[in-house]
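What follows is a pair of complexes built around subunit A, which joins subunit B in one and subunit C in the other.
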Partner chain A sequence: MANDLRAALREFILTRLDPGLSADDLTDDTPLFGHHGVIESLAVLEVVEFLETHGGFRVKPHEIVEDHFGSVGRLVAYAQARSST
Partner chain B sequence: MDLLLDPTRWTLPRVEGALGVPAALFAAWLVASFAVAAVHHALPARWRQPWLVGASLLFLGWAMKPEVAVFALGFTVLFHQLVFTPLLPERARAWVGGLLLGGVFLPAAFSGLLLDHDGDSLVRADKVAVFFLVILFKKACYALYESRHGVTLSPMQAAIYFLSLPFLLGKAMVVSPTNLFASQGEGTAAEALASGAKTLALAALHLLGFAALVLAPVHLVATGRLVADLSQVGWLAVYAALAFNYVAIYLFRYGWEQMAVGGARLLGYAVADNYENPLAARDYADFWRRWNVHFREMIVRIFYYPAVLALSRRWPRHKKLAVVVACFITFGGHGAFMVFNRGILLPLDAVAGWWELTVALGIYELCQAVLTASALLLMNKKRRAAWGRPWLVAGVLLTFHLRAAMVLLILRGGLDLAGVAALLGKLGAG
Partner chain C sequence: MSLAERLAARVHSAPDAPALIDARPDGGQTWTAATLWARAGGAASWLAGQGIGPGDRVVLLLPSSPTFVALVWGAWRLGAVVVPVEPSSSPRERRFFAEHSGASLVVEVPPPLPERGQVPEVPAPDRALLLYTSGSTGDPKGVVLTHDNVLASVHDTIAWFGFDAATRLLCVLNPTHGHGLIVGLLAPLLAGGVVVLEERFHAFSVGRFWPVCAAHQVTCFSSVPSILRTLLRLTEGGDRPASVQFGLCASAPLSPGFQASFEQTFGVPLANNYGMTETATWVTRNGLDPDRRVGTVGRAQGCEVDILGPGPMGEVRVRGPQVSPGYHDNSEATARAFRDGWFHTGDLGQLDSDGFLALVGRAKEVISRGADKVYPVELEEVLLAHPAVVVAAAVAAPSKHYGEEPVAFVVLDGPATPKQLRAWCRERLTPFKVPRSVRIEQTLPRGRTGKLDKRALAARLADEP
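Let's look at the complex of A and B:
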């Protein structure tokens, strides 16, 4: 499940959020959040929608923090943790 | 340059006046910070938090007015007991915490019990207390917000969060409790001291730059007072002077807030910088992501995310509208904090001052909301790449000149709002 989600998330980021980013530059640790990332005030809505569609859970506003949204790896871990609760 | 190097301009009272803090207090804070950090690192881990709290209370007693120190201590103990312990049922804690902030903290701050108002400004000795109370209030709001989502603080952590960092001096940053305690690094004492010293040195350079600007004669043109002499100075000079004033504001804020970051780093808290080179911003919204980073994060977490998620779920086909409305709500919340920041300087019966402050901030926040929402909707990575550097430069220039333009618009409109215009000229960016 984690690998499927990771692959879908990577494709989503590379096609929707930052088409200019090369696949090689997007690792599990590439910063995504804040001014240095692609998840901005508007894009965060798309990420939330993606997670809710693929993970089957509802993102709560206070969960939108760097610990959960900071990178592909963190997003996958967050989605797994939420899906299992 | 000759004027800047003129030794008669660099007298101690003038530098103290520019920075707003007595030199003795500033020097004591620096010495105390290094001394406390050195002992902190030398102690066994279990003694570090008690040591930090003890040292902070000593500094609090020495540097702060007694009534402010007693109030801060009492408030911290009460707030912690009511919000972070099982003394009250879980559902009641946030409400009681909110009541404590609105029913005790705000009246105490505005009533004159803690601060000596002198006309429409404060005597200089109160400035450190003002900084401290403003930050304490914001920290309590942040802690209250996080408490609602499962974050807990031990008594020691509460004392450190509310009373210790950054040893009460300066316009400290408002890092979240979670981020602060998660930032305790695994590095060595030498690394922590070196990192803190480097940050403090850079911050001190910014403060020196600020003092240089304030002591330069050109700053006389760059204060709100110039508005009264608009007919003699000319529009272009006013505009340039106001924009110049914002550079001074940046240096002042960077200096003091990074002092707080440096103080935390000395102790091994790897707190992120509060300014991430705003001049490299890609657009207006990006500028604010890089400015006052920790407070911006607080505002976005408390206002923007809840608003934009709730609205986008309510209007699933109008997500851009949700973003626009969420921007207005967010800047409304930001404005409320700004009113507190500035209003604490006013006596409660200064009706005209309160009116001018509210109008000025209303105009300011409205413009911010419009510009930020526009940037969020219009700018994306693809467009940024296509439009190129000139648009990015234009975005930054717009940011720096926004309030100068607002002052000019108000004056040009012939409105009798000279006080508002002066306030807009003097306001530090939030």
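Let's look at the complex of A and C:
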């Protein structure tokens, strides 16, 4: 499940949010948001919608933090944790 | 009276009253009015040590912080001109701002400021700010604002919204814009109220918005529609603390339907306003019920606003004490926009019988991306500087989150991919100006006179899902 989500998330980021990266450059640890992030800050709304659609859970505002949304790896871990609760 | 003298009067009347709360995640300190004045003195002392004196331009490439606030007031206590610039500007843009403004000092890293310092007596200053806006003819334009311009705008905002010592305004806007600086930072401070200073609104600050309001008993906030959209989508109506009485909004269109949804969800009335850098921000304001008209940007206050045109709809023009004397070192643009005693905004509007202004479009080409303006020509010039690009056209694409976003169409005579062209733009432009996508075409549509038909390109984007 984690690999399916990771692949879908990577495709979403690369095609929809277009961070100007090649697939090889977008790793699990690439910073997505913030000062060194590759995605525009308010595009977080699109990531939230993606997670809610694919994960079937509602993202809470206090969960939109770097620990959960900082990178692909963190997003996948967060979505897995939320889906299992 | 100068801005520093006005702040001194506020400090003198209530030195121990809180003035600035640093609500950023790594903040925590509260400055009284006396502390703010002392820190401004420390900043002035540091700036003087860098050789800064009356009339010198100081470029501040810093994010919103107490140090930024101290440097702004410190520079004004020295009679210097503040040039606040977006910290995410590209190296090329940074060079332009420094050179064009004739800066004596560029501050890119928060300096270690003394807590207080001796400030020399200076002659009454004229110019307070040089604010750069995207240019409709390529390079950004530096809007000159005098102390009188800024004070006129501040006084109108204070009077209209009733700011006083009980006001606690949450500032989440970029202080390099007039909206963030003049409405968000200066008006509450000079009203005797408190600025609750947060980081510029971003992805990870969404969840902090209402809790910060609750923690610091915020009474109002200033915003742009993209912030409101994010709050409406990601936070709950019950999150809004009772202390928040109203929200201010400007810098991009606010639809009546969206405004109603926000107000119903959070129980907070929004006042939608209109202005621009050249008028030291707002020239028309909506009040709160009953003195407002949803769907308009309010009524003129402290200045004259009229419509230039044969019919009821035409170009909006403004005159009054907050109108800038013109653009720095750009007599051509100044002559075009400031003429016959009026500032010609380039916006199309219509006044109703009660004087409420409804905006209906733009006479000038501009893309409103959230709170930021992107002039297509600036983006096109960067693309045309690429060796493979022979024709470039930037137009507005509808955006769910930002209202509009720039999209570029290009014709090539050499190898280049959309990704490479976006990277080219990213190296040369502030991130918000980088096109959402670059489309490579064999040819671009032209009108009868041979001019690029951008309406046809925009229509193609509007029809896309």
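Simple rule for what comes next: the second predicted complex is superposed on the first by the 80 of 85 C-alpha atoms of A that agree within 3 Å, B and C clash if a C-alpha of one lies under 4 Å from a C-alpha of the other, contacts with A are read in each partner's own complex, and residues count from 1 in each chain.
In the analysis below, a residue touches a chain if its C-beta (ideal position, glycine included) is under 8 Å from a C-beta of that chain, and two chains touch if they have at least 3 such contacts.
Nothing here was measured: the structure is a model prediction, and the numbers come from that model.
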First (subunit B), second (subunit C), both or neither touched by A:40: both
Touched subunit A residues, subunit B compared with subunit C: C
First, second, both or neither for A:69, with subunit B first and subunit C second: second
Which superposed partner A:26 touches (first subunit B, second subunit C, both, neither): neither
First (subunit B), second (subunit C), both or neither touched by A:13: neither
Subunit B versus subunit C as contact partner of A:48, first or second or both or neither: both
Intersection of subunit A interface sets (partners subunit B, subunit C): 18, 20, 34, 40-42, 44-45, 48, 59, 61-62, 64-65
Subunit C partner contacts - residues on subunit A that touch it in the complex: 18, 20, 22, 33-34, 37, 40-46, 48, 59-66, 69
Subunit A partner contacts - residues on subunit C that touch it in the complex: 201-204, 206-207, 211, 226, 229-230, 233-236, 239, 370, 401-402, 419, 422-423, 426, 431-432, 436-437
Subunit A contact footprint on subunit B (complex, rising order): 145, 148-149, 276, 281, 285-286, 289-290, 300-301, 304-306, 308-310, 312, 319, 322-323, 376-377, 380-382, 385
Contacting residues of subunit A [partner subunit B, same complex]: 18-20, 34-35, 38, 40-42, 44-45, 48, 59, 61-62, 64-65
